[in-house]
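Alright, structures below, take your time with them.
Consider the two complexes below, in which subunit A is the common component and subunit B and subunit C are the respective partners.
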Partner chain A sequence: MVINIEGLDFAYGAGKQTVPVLKNINLTFPEGQITAIIGQTGSGKSTLVQQLNALLKPTAGEVHIGDHTVTNKTKEKALTPIRAEVGMVFQFPESQLFAPTVIEDVMYGPKNFGATDEEAKQAAEKALAKVGFDTSLYDQSPFNLSGGQMRRVALAGVLAMNPQTMVFDEPAAGLDPQGQAELLDLLRTLRDEGKTIVLISHQMEQVLALANQVVVMKDGQVAAHEPVEELFARPQSWFADQHLDLPETIAFQKEMEKQGFVFDHLAKTVDDLAKQLAGQLDSAKLTGQRSDQAGSQAQTGGPHHE
Partner chain B sequence: MTNAITIKNLNYSYPEQGELFKNFDFSVQEGEWLAIVGHNGSGKSTLAKLILGLLDFDQGEIQVFDEKLSEETLASIRAQVGMVFQNPDNQFVGATVADDVAFGLENRQVPSKEMPAKIEAALKQVGMEDYAEREPHTLSGGQKQRVALASILALHPRVIILDEATAMLDPEGKQAVMETLKELKARYQDQLTLIMITHDMEEAALADRVAVVSDGQLVFDEKPETLFLKGKQLAELGLAQPFSMELQSALGISQTTYRTKQELATWLSTLKA
Partner chain C sequence: MNNLVIGQFVPGSGILYRMDPRTKILMTIVYVFLLVFANSWVTYLWSAIFLVAALLLTKQGLGLYWRGIKPILWLILFTVVLQLLFSGGTPVLFQWGAIKVTEPGLINAIYVIVRFVLIVLMSTILTITTPPTAIASAIESLLKPLKAIKVPVAELALMLSIALRFVPLLMGETDKIMKAQKSRGMSLSTGSLMKRAKAVIPLLVPLFVGALQRALDLANAMEVRGFESAEGRTRYRELSYGRDDTLAFVAIAVFAIGFLALSFIK
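Now for the complex of A and B:
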């Protein structure tokens, strides 16, 4: 399923109180790919993705979601089937939790779209396992959980529904490092299964590792929309203008280039960066330095005592 | 050295769940910059809420400066400890952004004449001065986190606890908050104690000391320079190393020296073939 936005404007509120946010957006989200949306705080990312499952309707312009078209005039009733096709994990997970227990919360989606209790339970358990949620907490209230545990329940809620398109608004925020790494694998797997994924993230490393293409938002407009390799090949000054950072691996490459190192491609991972660096290091010197450094560490290191 | 926070033999469990903290001992020195890291559900936020007296512990003792936490000292302790919550929506009380900052100041009996200037200064500190009249719930995620931070900074507490307070900020916003904290530390020195709960290992590496919590237990408690040499143990705890140490490890360099990104870049350039 392809999502296509044409000439979209969006303003919050009505009458005199309107706050215009999105201006003249034209975008396509291709099927089976990961599209990342990045941009400064307040640039309109969360507002934009809420158009993708019609939680917000455009003030002007059209959103084509598979066979559905959403405009300002579209009736609420016509929006319901869209919710089954486009799942959304919100920026603050609490805002989407509501059931008395974790398991019921995750079962709600499948049941709402016609699954039997048994099917819904199976889907929920499978989804909770995928996000590494502790089985002993299934019968807890979703509100009596830690921040990262709530995030996992919210993620599972969408996975259990298994929609064709999934939108994730800062899904890694609040996850511990292991949870973040597992989330990357999960999103990759979903893409490989043919899902259309939209990912908002402030973590450029994640975007570099996952995205096929990137949309850069600035003041409610699209400042760039291109394949990920193209985007991160832009000069550092461009990123500074957008108030964005380069991913750590690429920033480190740029730093080393100033020292005379050369790289034949942008490093997507730390391992890739290490490989490209290793060939340019004097291995004899490296070993020498190593034992040297180890010696001096013995005097300054050691655990800290109060 | 005076302790800002002393925790002795603390026991706490949520009624709905099994035991979390058992005979937990911990202290934070006055003027220290402490980071607390640990897997999801390890007890970090609970610990912060216990210190603020938002939860009643079952046994043990919590002392903030020279006061033991009890019903009688609760107000005085809360006046000294400011906490930015993990979800800013749980912290907002005002109808507008300005009201929200004002609320804490009123509680501390700041004369109303001084309020507008204080509110403006706090919002400026986080770049939110143009949003003073907005309803907090209509802000973007990062804007909410900035306001939540401003409301606490306005109070100049002796102890600031940040519970993942930068998780929704853009890279520039994160950087700006870290700079603000560094400036405050430089200005107030030992008068300001900073406790930062975070999943961002780069952020944790900026602290004087890092406490690692796992299932309610303190597993490591040391300087970042030594903690972040323990790549394998950290991975087993669901944690990670900062980028510079991951790169060293990927390069096969034995993990005996902690280096920041800049230090690593400089060092590697001396090894160029």
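Now for the complex of A and C:
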């Protein structure tokens, strides 16, 4: 399912007291890819993603979500089916838990979209298994769980509806490192299943590791929209202008380039970076013979690792 | 949700913004109190003129006030229907089976609408021009005499200002949870009444859990900053009585005298 935004403007409020937030947005979210949205707080990221499942309707312009078109005039009733197709995981989604037991909470979504109790239960169990939730806790109250477990239940609550597209608003915020790693794995799995994923994140490492393409928001406008490799190839000063950081590996790479090193591609992981660096250093250096020219030598001919 | 105007402060300028909040509260109380005794067209007209003058002094668009009235329209309609149907008296204007509309009923209904709207608009003017914290400290100041009979005025005022402080927070929270549950297919506008009432549970439970958690956090935050008693705390903004307040008292006095005179004319 492709989501396509055409000429979208959005303002909060009505009448005289409107606050314009989004201005002239044109974007396409390709099927089966992970699109990351980055930008300062207040740049309009969350407002933008709320257009994707029609929680907000555009003030002007159109949003095409699969076969649905949402404009300013679309009736509220026509919007509900869209939410079955585009799942939305809000920031700190554990605050939406309400049911007496974990399993009931996860069943809530499927049941709203017409599943029978039996179907909903199956969907819920499948979703809970996917987020690695312990089977023995299904009948626990969600309010007795740890923060990390609550997050899993909330995620499962959206997964259980089996939406074609999923939107995540800073899903890893407040998770421990292991929880974050597991979450990233989950996003990859979902992508590999062919789901379209939209991810808001402040962690550039996450964006680098996951995203196919990146949308950079600034003051309610799209400042950049391109493949992740192209984006991070931009100069450091551009990122400073957007008040964004570079991922650590790439920041390091760029510093090394200033010292005369030349890399053939952006390092996505520490491992990748280490391999590329090793390729740059000549064997003489590695055997311990100090070479005074090594630093200033622009080495391009070293063995290339992938 | 954010369309709720009652209880909302809207920044602006003018005499109503400069006035001491105590003055504004007293004026509102006097106005509402008098309005209860309004008994004729002229008294309502006089009250309406006073209100319109106050409205204009806030320099806010009329659309804002219309949005303030809108959420309570159904309440007004409900009272009006009750008045129309159960007032009794003669002459009967309209009858259909057991349903009977009489002239006193109709007049009462119109009075009720006008009274409702005037009271709501006057309180809206108070809250639109006065930040919640100012209202809280004004109430504390006005209740001070009660200290003599051991009423914990400072604590009450602090509780009130915390409660007011929580209103926009809870509204934001409600909006967020509503959106999350809507994303999971919640619909509050379809199905039978029973079904709709049930549909609110996924909204209310997280809201209460969140509010209690926030209350705990706030209590801890206050304790670690050395909170012991609300008594004897100093203020960032001291209340002060000025020329504008004298003017206001003169205005409300003129209104009250006029009102009483008109109600005796009858």
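The working rule: the second predicted complex is superposed on the first by the 262 of 306 C-alpha atoms of A that agree within 3 Å, B and C clash if a C-alpha of one lies under 4 Å from a C-alpha of the other, contacts with A are read in each partner's own complex, and residues count from 1 in each chain.
In this section, contacts are C-beta pairs under 8 Å (C-beta built on N, C-alpha and C of every residue); 3 or more make two chains touch, one makes a residue touch a chain.
Because the structure is a prediction, the values reported are computed rather than measured.
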Original post:
In the superposed arrangement, does A:Gln178 touch subunit B (first), subunit C (second), both or neither?
Top reply: first
**OP:** May I ask you to decide whether A:Asp271 touches subunit B, subunit C, both, or neither, giving the answer as first, second, both or neither?
**Re:** first
Original post:
After lining up the shared chain so the two structures overlap, which partner does A:Gln140 touch, if you call subunit B first and subunit C second: first, second, both or neither?
Top reply: first
Original post:
Regarding the shared-chain residue A:Phe98, is it in contact with subunit B (first), subunit C (second), both, or neither?
Top reply: second
**OP:** Could you tell me if A:Gly157 is touching subunit B, subunit C, both of them or neither one (first, second, both, neither)?
**Re:** second
**OP:** Would you check which partner chain A:Asn4 touches, where first means subunit B only, second means subunit C only, and both and neither mean what they say?
**Re:** neither
Original post:
Where does A:Ala84 make contact in the superposed view: on subunit B (first), on subunit C (second), on both, or on neither?
Top reply: second
**OP:** Give the label of whichever partner, subunit B or subunit C, reaches more residues of subunit A.
**Re:** B
Original post:
Hey, what residues of subunit A end up touching subunit B and subunit C alike?
Top reply: 12, 95
Original post:
Any idea which subunit A residues touch subunit B in the complex?
Top reply: 12, 19, 39-42, 46, 91-92, 94-95, 134, 137, 140-141, 144-149, 151-152, 169-170, 173-181, 202, 204, 243-245, 248, 252, 255-256, 259-261, 270-271, 273-274, 277-278, 280-283, 285-286, 289-290, 293-294, 296-297, 301-304, 306
**OP:** Name, in rising order, each residue of subunit B that touches subunit A in their complex.
**Re:** 14, 16-17, 27, 29, 38-42, 44-46, 86-87, 89, 138-143, 146, 164, 167-174, 199, 201, 209, 221-223, 225-226, 229, 235, 238-240, 243, 246-247, 250-254, 256-257, 261, 265, 267-273
Original post:
What does subunit A use to touch subunit C in their complex?
Top reply: 12-17, 50, 53, 55, 76-77, 80, 83-84, 87-88, 90, 93, 95-99, 108-109, 112-113, 143, 157-158, 161
**OP:** Spell out the residues on subunit C that touch subunit A in their complex, using ranges where they run on.
**Re:** 2-3, 61, 63-64, 67, 173, 176-177, 179-187, 189-190, 201-206, 209-210
